[in-house]
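Dropping the structures in below, format is structure tokens.
Consider the two complexes below, in which subunit A is the common component and subunit B and subunit C are the respective partners.
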Partner chain A sequence: MKHTISVLVDNKPGVLARISGLFSARGFNITSLAVGETNDPTVSRMTIIVSAEDRILEQVQKQLHKLIDVISVSDLTKRDYFERELVLIKVNMARTTKQKLTKLLDKFSATILSSSKQGAVVEVVGDNKEISKVVKLLEAVGIKELVRTGRIAITS
Partner chain B sequence: MKRTGAQILVDSLLREGVRVIFGYPGGSVLPLQDVLYDTPMDVILVRHEQGASHAADGYARATGKVGVCMATSGPGATNLVTGLATAHMDSIPMVAITGQVKTHLIGNDAFQEADVTGITRPVTKHNYLVKDISELACIVKEAFHIASTGRPGPVVIDVPVDIQMQTIEAEFPEKVCMRSYKPTITGHPGQIKRAAKMISQSKRPIIYAGGGIIIADAHEELLELAVKINAPVTTTLMGLGGFPEDNDLSLGMLGMHGTVYANNATMESDLIIAVGARFDDRVTGKLDSFAPNAKIIHIDIDPTSLSKNVRVHVPIVGDAKNILTALNKVVKKPETKKWHAQINEWKKKYPLTYKTKGKKISPQYVVEQIYKVTKGDAIICTEVGQNQMWAAQYFNYTKPRTYISSGGLGTMGYGLPAAIGAKLGRPDKMVFDIAGDGSIQMNIQELATAVANKINVKIAILNNGYLGMVRQWQELFYKRRYSMTPISGPDFVKLAKAYGAEGMRIKKKEDVKKAIKEAMAIPNTVIMDFIVEEEANVFPMVPAGEAINRMIGGMA
Partner chain C sequence: MKHTISVLVDNKPGVLARISGLFSARGFNITSLAVGETNDPTVSRMTIIVSAEDRILEQVQKQLHKLIDVISVSDLTKRDYFERELVLIKVNMARTTKQKLTKLLDKFSATILSSSKQGAVVEVVGDNKEISKVVKLLEAVGIKELVRTGRIAITS
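Up next, the complex of A and B:
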């Protein structure tokens, strides 16, 4: 099962290596990872998405908590929370126009940042489902390049 | 007053009460060495950095204080790694100081550079790379706090050589303040109540005590609990000495080479009270069939130990001494008469035995004689393998911090340097290293350290010409194909003398006792080279992957 884990850590060098080490030492692949400062610059928030059995994940959570630089760990999966990701997509414009593209993205929280014959850059914000839908739609048009921030999450 | 980084380091160590530092010099710790030249601390020059880390570990295990070692950058630091991993697995408080190349050279593949914080991250409780001299005093304070509190462990402080030379107006913090590190000490009162209720309702309780008893200094509280509820006690290898083995309630050690009665009692119990132990695979054997009818109360300071391997019914996080004290106040004695009758039957039927007939010296006999001659008043360090198991089985440990052995990592070559550290920590005690002819060769260079510093340890080599534990597995599970296990060694008597120690060779059973007495009387380090039966086995034994009551060998 996929879990969204939110970890508050001291904003220090080496912390990311300690945390990723916990996962890699157990052979887990991190699906998504986003790190950034909080409103307190001495504290960073990591949002980690990982697939694991509940029992193993409970152990990983405890291990995370045991790290000296970790302030708190919470598994958001069982709680009410918002999850968002920002994706930048460079779209092939050979077979479409800006107008068509705008219409295509109408229902989504998407912005066309630039557009030329070479290609358009589209910014999309949404949860995992919405992002997947947009990516699928644009794949039909032709995706040249795609960059994702990794998912971030907050409880409601 | 302005101080250099090296002075701040040493002053910080003194403020933490450090009396001994084990180390090896090098280009990146020269400023530190220079300050140590005038310090009141004992500075013990080892002959290999691995020896420094094991000696600091042995010192910590014998005294309960934080062991300190140091090494230079690069190879010096990487040589500490096995010692750090050993201490990490067994929760031993240690601080290791490593030199690092100059700050501006870090990451440049400089001479003797290694990414020490990177390398040691998985084998330490925490580590630091000091990038700013103003943080140094605070980091040392934190390092000692982290190493010695909660579930203890080794902490590395990597100090670039330029930081050691810079100067600053030093301020030494009195306290540490860490928002993210606050180990739980006091057990949850509700959980303690639940545990007490469960104990009073049990019919076949057993206490399973580990190294946590020794770390938490909870051996008296453990004895009180055992007597109060009249429950048998089995200890892990790390827990030896945590409960007096001459007490009627003692079942000795459990697990792969535990006693039959300890394993049977564990399997048949209806309640396991685990204290400071972690249900390691060498203890549980086949997990699916471990203690099928038992409820489990698990007391441990490390939440990650709880429900890691077995499902626990009443987990209690906290310090063992604290929790046992609280538990002892509320617990009531269950009815266990039948249970004790059953256990006594097992004890009678399956005592620990070994071959006593035959001309050759049995290795178990040597350990037994060391116990008899010392009357149990000694610190026994061990190497790893058969020697370690026989030392566990045939010496009756009655006091904590008397059996010093690499339990979790199983590090061969641990015993001699650990014995040196233990002797420095407890100069009043007779300190033995019970060794094999294989493992003693792994850190034999530390004989020079012992002799040069007049650290008087007694090394008993159970010399069978084999890497015996692996040979035993080959005998039992690989059709006696002794690949890579016959091992030769030097003439240990001559070798001892070459190092300035004393050496004796014992070939006859009737000379064993006399030799031990003689060795103890010599005011020098002594190697006793006991030529023992070549193919003696450690029995009883749980074959790998079996349930722990499916033991083989050694049953009368």
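Up next, the complex of A and C:
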């Protein structure tokens, strides 16, 4: 089962390495990871999406709690929360126009940041399903490059 | 100097731990890190913002290149690129209204995802300066929780 884990940590060198090491030692592949400072610059929040059985993940959460510099760990999976991701996509413009691209992205929270014959750069925000739909639509046009932030989540 | 490093890696367990370990072994604190799959699910892209002298960072780049599972490393700092970040902010609504909040966020790429007496959840996308401005404005209202994705970048 996929879990969305939110970890509050001290913003210090080595914390990320210890936490990602803990997951990889268990052979977990992290589907998505995002780390950023909170409004307190001495504290960062990591949002980790990982697939694991509930029982095994509980053990990992306990081990996370024991790590120095870990302030709190919460599994948002069973709570109400918003999950969002930002993606930047460079689109091949050889077979399309800016106008067509605008129309294609009409229903999504997407912005064309730049557009030239060399390619257009599109910014998209959404939940996992919306992002997947946009990527599928743009794959048909031609994707030259794609960068995702990884998902972040906040309780509603 | 702040560097924006974009690293293409095989999407396998342990890669993140090895890369973040390499940075922390040098005592570098990563300001921001984002990892997400590319349009090829076997390949992920990490965007790392790190402060370091040019000379030292070149050595780290060389060591990154040597790591198994690292496909390519590029320092975007000296190129033209878009840098963006997504932030979710839970705002205290005790001293404001949804209408006032909408007006306050008018000039930014911000969306109010939910709003009640308990608090409003706001989604903001922008470059580092824009995000800083929004955070400052909302701090005056009252921030209950803040989650950042970390910055991603794409060449323009």
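The working rule: the second predicted complex is superposed on the first by the 156 of 156 C-alpha atoms of A that agree within 3 Å, B and C clash if a C-alpha of one lies under 4 Å from a C-alpha of the other, contacts with A are read in each partner's own complex, and residues count from 1 in each chain.
Note that a contact is a pair of C-beta atoms (placed from the backbone, for glycine too) under 8 Å apart; a residue touches a chain by one contact, two chains touch by 3 or more.
Keep in mind that what you see is a predicted model, and the values were worked out from it rather than measured.
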Winner by number of subunit A residues touched, once subunit B and subunit C are compared: C
First (subunit B), second (subunit C), both or neither touched by A:G14: both
Which superposed partner A:Q59 touches (first subunit B, second subunit C, both, neither): first
Partner chain in contact with A:I112 - subunit B first, subunit C second, else both or neither: neither
Which of subunit B and subunit C A:D69 touches, first, second, both or neither: first
Touched partner set for A:L137, first subunit B, second subunit C, both or neither: neither
Footprint overlap on subunit A, comparing subunit B with subunit C: 13-14, 17, 21
Subunit A residues touching subunit B - in the complex, by the definition given at the top: 9-10, 13-14, 17-18, 21, 25, 58-59, 62-63, 65-66, 68-71
Residue ranges of subunit B touching subunit A (in the complex, touch as defined): 117-118, 121-122, 125-126, 129, 131, 146, 178-181, 302-304, 307-308
In the complex with subunit A, residue positions of subunit C that touch it: 6, 11-14, 16-17, 20-21, 23-24, 27-39, 45, 47, 82, 84-90, 109, 111, 113-114, 121, 123, 125, 135, 139, 143, 145-150, 152-156
